[in-house]
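The two complexes that follow have chain A in common; it is paired with chain B in the first and with chain C in the second.
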Partner chain A sequence: MNAGTAGNGPRHTVLRRPGARDGGFGEGDEALRVMERAAGVDEGKAGLTEGSAGQGEKPAQRPGVKPLYLGRKDRIAEAAEKAARRAFLADRVARLGIWSLSALALSVVALVIGVILWNGLGTALSPSFLFGKPEAMREGGGIWPMVVSSFYLAALTLLMVIPLGVGAAVYMSEFAGEGRLTRLVRFGADSLSAVPSVVFGIFGMVVFVIYLDLGYSLLAGALTLTLLNLPTVMRSAEEAVRSVPVSYREAALALGCTRWETVKRAVLPVAMPGITTGAILCVGRIVGESAAVIYTVGLFVRKVPWSPLRPAAPMAANIWHMYTEGALVPDWFRVASGEAAFLLLLVLTLNLAARWVAGAVRKRMGYRV
Partner chain B sequence: MSSISREWLIKRILLVAAMVVVLGLAMVVYFMAKESLPAFREAGPANLFSATWSPRDGRYGMLVFLVGTLTTAAGGLLLGTPLALSLALFLTQVAPRRSRALFSRGVEILAGIPSIVLGWLGFTMLVPWIRKLSGSSGSGILAASIILAVMVIPTITAISKDALEAVPASYAQASLAVGATRWQTTWRVLLPAARPGILAAVILGLGRAVGETMAVAMVIGPASVFPTSLTTPTHTLTTKILMEMGESTGVQRSSLFAMGLVLLLLAMALVLLVRRVSGGPFKYGVVE
Partner chain C sequence: MSVISFVSGKVRGRRPGSVGAEGAAPSQNKRAGAESEAIPGEGAKFRLRDVSLRYGNRPVLEGITMDIPERRITAVIGPSGCGKSSFLRCLNRMNDLVEGCRLEGLVLLDGEDIYAREYDVTALRRRVGMVFQRPNPFPKTVYENVAFGPRIFGIKDRETLDGIVELSLKRAALWEEVKDKLREPALALSGGQQQRLCIARVLAVEPEVILLDEPCSALDPIATQRIEDLLAELKENYTIVIVTHNMQQAARVSDYTAFFLIESQGEPGRLVEFGDTATIFTAPADPRTERYITGRFG
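This part shows the complex of A and B:
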């Protein structure tokens, strides 16, 4: 709104301020308007402004409203003070809201960890449980084959996913320019990372278990999990590789290294902490994965599966087995709670280890990314 | 071998590694489509997308499960997003500077907790609570939404935190310099500036909620009918696939793959949406 249109319609006449008469809105009026608005003062009602009969007449008094026919400076001051008070209050309220909601969210984290560990840690850390043979129809069984299955599966998967992921990351950051191909790869990685794990599970069942005739086996599961984890590993490796300063590459190239030699001698060693962190976190995801494992690896075994072509039962899948077929194991609740606590402990440890390893390697190399 | 041809070979090998994701995606799409073909051919789309699941009578409708997936995911987002956003603001604006790293670690840990463990917690603690409070069976959309809220919090928090941190400091400085309070700065400057990132975060959270299987499976039911309330059993697409894949054959099995195909297309649609919203490739993968 400006002074030129001020007299054109009833709306504008109502909103017009005394100052409008003499030479349009000055800066003071503009500021007043802004402040009034900030203060939430309804310009028509609060008596801060006058009506169309502005010149000389007293404004009509309204019940409950302080008659305000103050000087302009006073009005500005009052509006500003009001705005400031409101803003201060809003700030306080918002801060309180953020604090309390965040406290709620963080206490959920604490609650989850606390309850799981409280219910199962005693079981999980007893050697007879961890290293014991599983029992059916009888109490007191252990989970040793499941523990081995989980780690075996993780090892097999890492063996495939790390070379693939790091290779892809190196290609994307060191060899490929921005083009149709890289866009395609990125789209593939984005989409693959969004595919629900149960879809990977039934895909692995069809392709690896049935079509390639691997049967329910660690290898079938590892192939499935390779595909599932590839985008994430690729992403963390690419981040690590890209964070290596360009000067390292330039130095190597200037010494006559080829591209690959540069990557091998200058880039990958420096990117190693990041890649290692990614790999350790990947182990956490593999041992925690169950939906993609149930139909590719198996749910329950009696003996330790030493061959990658044998069915196995990672802990995560075994918890599901206890939940669905619990009747076969009288103390299924104890077993599942123990496994859940052990898994959680494992993931927490891996999480800490990932940071620690990255820090240690970085320190030793005297290099900070 | 000369170093030129070795370079050439290595570049080709690395290219193959990069193409594995594309190939993998293509294979997943192909096999889902191929395996669900019999269902489309023999039962027909009208049957597949109807609301009745009763394989014995030749009814393979997935509508109940699709609705289950969407309602639980919406519930999870509804509960989780406010918590996650305030957590992101807390970690970037409000929390004492020294403790920010510690709290961030807490959120990261939540992201790393296996879904089966959260499901187990839901089954052993949450469902009995709801059962006691509501007098119903306890499992259902409410329990699933609460568990999903816990699962989407780390995703949404981490990505919105990144988005908030990416806003140039000068924006906030300018706003504070003209006398705006912290909250005014946050609400009028930071949040609008970070909006694309926050939107992407919420969509990615939705993706995680839609695809979650184990945690939901332990608290949702099971029942293959529309729930009559928030605390009566039902199913989602993922849990239905999980529960029945083991013991189904023929058209029934194929219709489970059709559900997988729907999930897959849903996930890819969300990916495209995120790219649209955030104007480029987003940070994919599990939040670390």
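This part shows the complex of A and C:
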């Protein structure tokens, strides 16, 4: 007993292998002690040597007590130290690996952004380019009709996709009980969102442009993009509606709200930040979409398209056009790069705005963001 | 309509405590169903006759027959899982929201069968307000929370709404604390204040009955004390049913106490004993009640 308490301090020194290097592995020491305990090493006995024993000396034997651990001790200590060393090394390697992989990922992103901005930022920020009229044959053209086309297309699409998507989401999560229908719709939406956008482009061309005779127009494009974005908008809105706590619904219902009043006054306002975020991100996707647009809206215009039934040339489609067929203008590279840089800035801004808006609304509601 | 009278009461300069009495008065004379369960000297607000409740195949409550006296506080006590909350939710049909929920028997509010086919559930819930276990104010301003109910009724007039909000907050004993932060988010209030805000929100639709489902279980003792004081004031004008885990609370605040018990797992909860609180806590008729109250189980 008294030996046990006295042995507190010098215990390690006694148990440490003679000449063992002090590697500074705190965990190693701990592991050593644990292993010794597991091996039946009596700590009390080790402590007996206090005072009398010098470093590395074997503890004094008590008469009648067989020193079971002598000899084994060295191997245990060795194994523990080895394990600790290995763990330390593995930790180093893993940390380095993970760090360099994420650095690689980040630098790829930085490289892409950097190259695009390097090539086009100067052009994109000059007003004569942004607000200028495009040239068909000469150099020095601007992109104003393309900018308008992109926003026009986005607005038209949102006008259709938000009511549809939010309506479907509200129906799915608030009115239709969990069942075959909702599962089917969800499965369909997930499948649709995996379809490449060029397929939607072809579909839009066949159905809206040709069959419904809309021609290449903003409307045909908006209809196509509505189909393309409906699944994502619906799922993100459903997520937002579902994340509204049940307690708010209960509170509203208990106050005598009908189901629709509950949705309108208690659920949707709370889901709004989420729905808004989804909508803004959707704008980003519309503005950046090229494949579906190429087949339905158009590639190049010189005048700003005011009617939704007119052909237009959203930026993403125009970039593609400039690179592939735009060689008629000698400065096609400048135009395409400038447009790309502007588009990139736009999408980045939209993503930031989405976060900011959601955060601001949540803060106003009183949530600690 | 009833909210207008609420406000006119305020305009006439009556004290908050005395308003609303006339709204509940006419119901007092109606008597329906078996008289045998009636408590002598008390008008019954709710009459329950052999009420059973099941969720799908799981029986939750069985054979509940009791009268809930008007303008008194009735406490519902019992061990966890004995169906106290389910019982409470029968009274404003919040159980309707649970899928596969079925109720048998008769639940009468002022002699009217609230489970009748053509009964208007939203109107019922306006008459029978509910306060939940965890304070659940909407993530809106303090003002908008209280004005929520009146707005549902279509009240848009600013002054009318202001009057309702002020009066409701005063009745919920919260006005002094929040009168300068009506435009601040309700979620910034403390837990106890939030719960009183929820009570104010219920009061703003001028109910006749207030159901409280363990309203203090998420609150500290001081906030609990304030809610209890508030209940004592409110019972002058409202019929109150409170489910509580806390037997001292039941003994402190209630006039009548119902003791629910579930015999074993899978069995439905049953009403073991119902009577005035003093009797239940000092001389219970049923040995099971006594065992529970003296803390020998549950």
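Going forward, the second predicted complex is superposed on the first by the 293 of 369 C-alpha atoms of A that agree within 3 Å, B and C clash if a C-alpha of one lies under 4 Å from a C-alpha of the other, contacts with A are read in each partner's own complex, and residues count from 1 in each chain.
Operating definition for what follows: a residue touches a chain if its C-beta (ideal position, glycine included) is under 8 Å from a C-beta of that chain, and two chains touch if they have at least 3 such contacts.
Predicted model, so just to flag it, every value in this text is computed and none were measured.
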Simultaneous placement of chain C and chain B on chain A, clash or fit: fit
First (chain B), second (chain C), both or neither touched by A:S102: first
Which of chain B and chain C A:P245 touches, first, second, both or neither: second
Contacts of A:R186 with chain B and chain C, given as first, second, both or neither: first
First (chain B), second (chain C), both or neither touched by A:W320: first
Chain B versus chain C as contact partner of A:P269, first or second or both or neither: second
Contacts of A:F88 with chain B and chain C, given as first, second, both or neither: first
Contacts of A:F151 with chain B and chain C, given as first, second, both or neither: neither
A:T258 touches, of chain B and chain C: first, second, both or neither? both
After fitting on chain A: smallest Cα gap, chain B-chain C, Å: 10
Touching both chain B and chain C, residues of chain A: 258
Footprint of chain B on chain A - complex, ascending: 87-88, 90-91, 94-95, 97-99, 101-102, 104-106, 108-110, 112-113, 115-116, 119, 163-165, 167-168, 170-172, 175-176, 184-203, 205-207, 227, 230-232, 234-236, 258-260, 277-278, 281, 284-285, 287-291, 294-295, 316, 319-320, 323, 333, 336-337, 340, 343-344, 347-348, 350-351
Chain A-touching residues of chain C, taken from the complex the two chains share: 92, 94, 97, 99, 122-126, 129-130, 132, 134, 136-140, 148-149, 151-152, 184-188, 198, 201-202, 205
In the complex with chain C, residue positions of chain A that touch it: 177, 245, 247-248, 250-258, 261, 265-266, 269-270, 364-367
Of chain B, residues touching chain A in the complex: 3, 6-7, 10-11, 13-15, 17-25, 27-28, 31-32, 35, 82-84, 86-87, 89-91, 93-95, 103, 106-110, 112-118, 120-121, 123-125, 150, 153, 157, 180-184, 186-187, 204, 207, 210-214, 217-218, 238, 241-242, 245-246, 256-257, 260, 263-264, 267-268, 270-271, 274-275, 281-286, 288
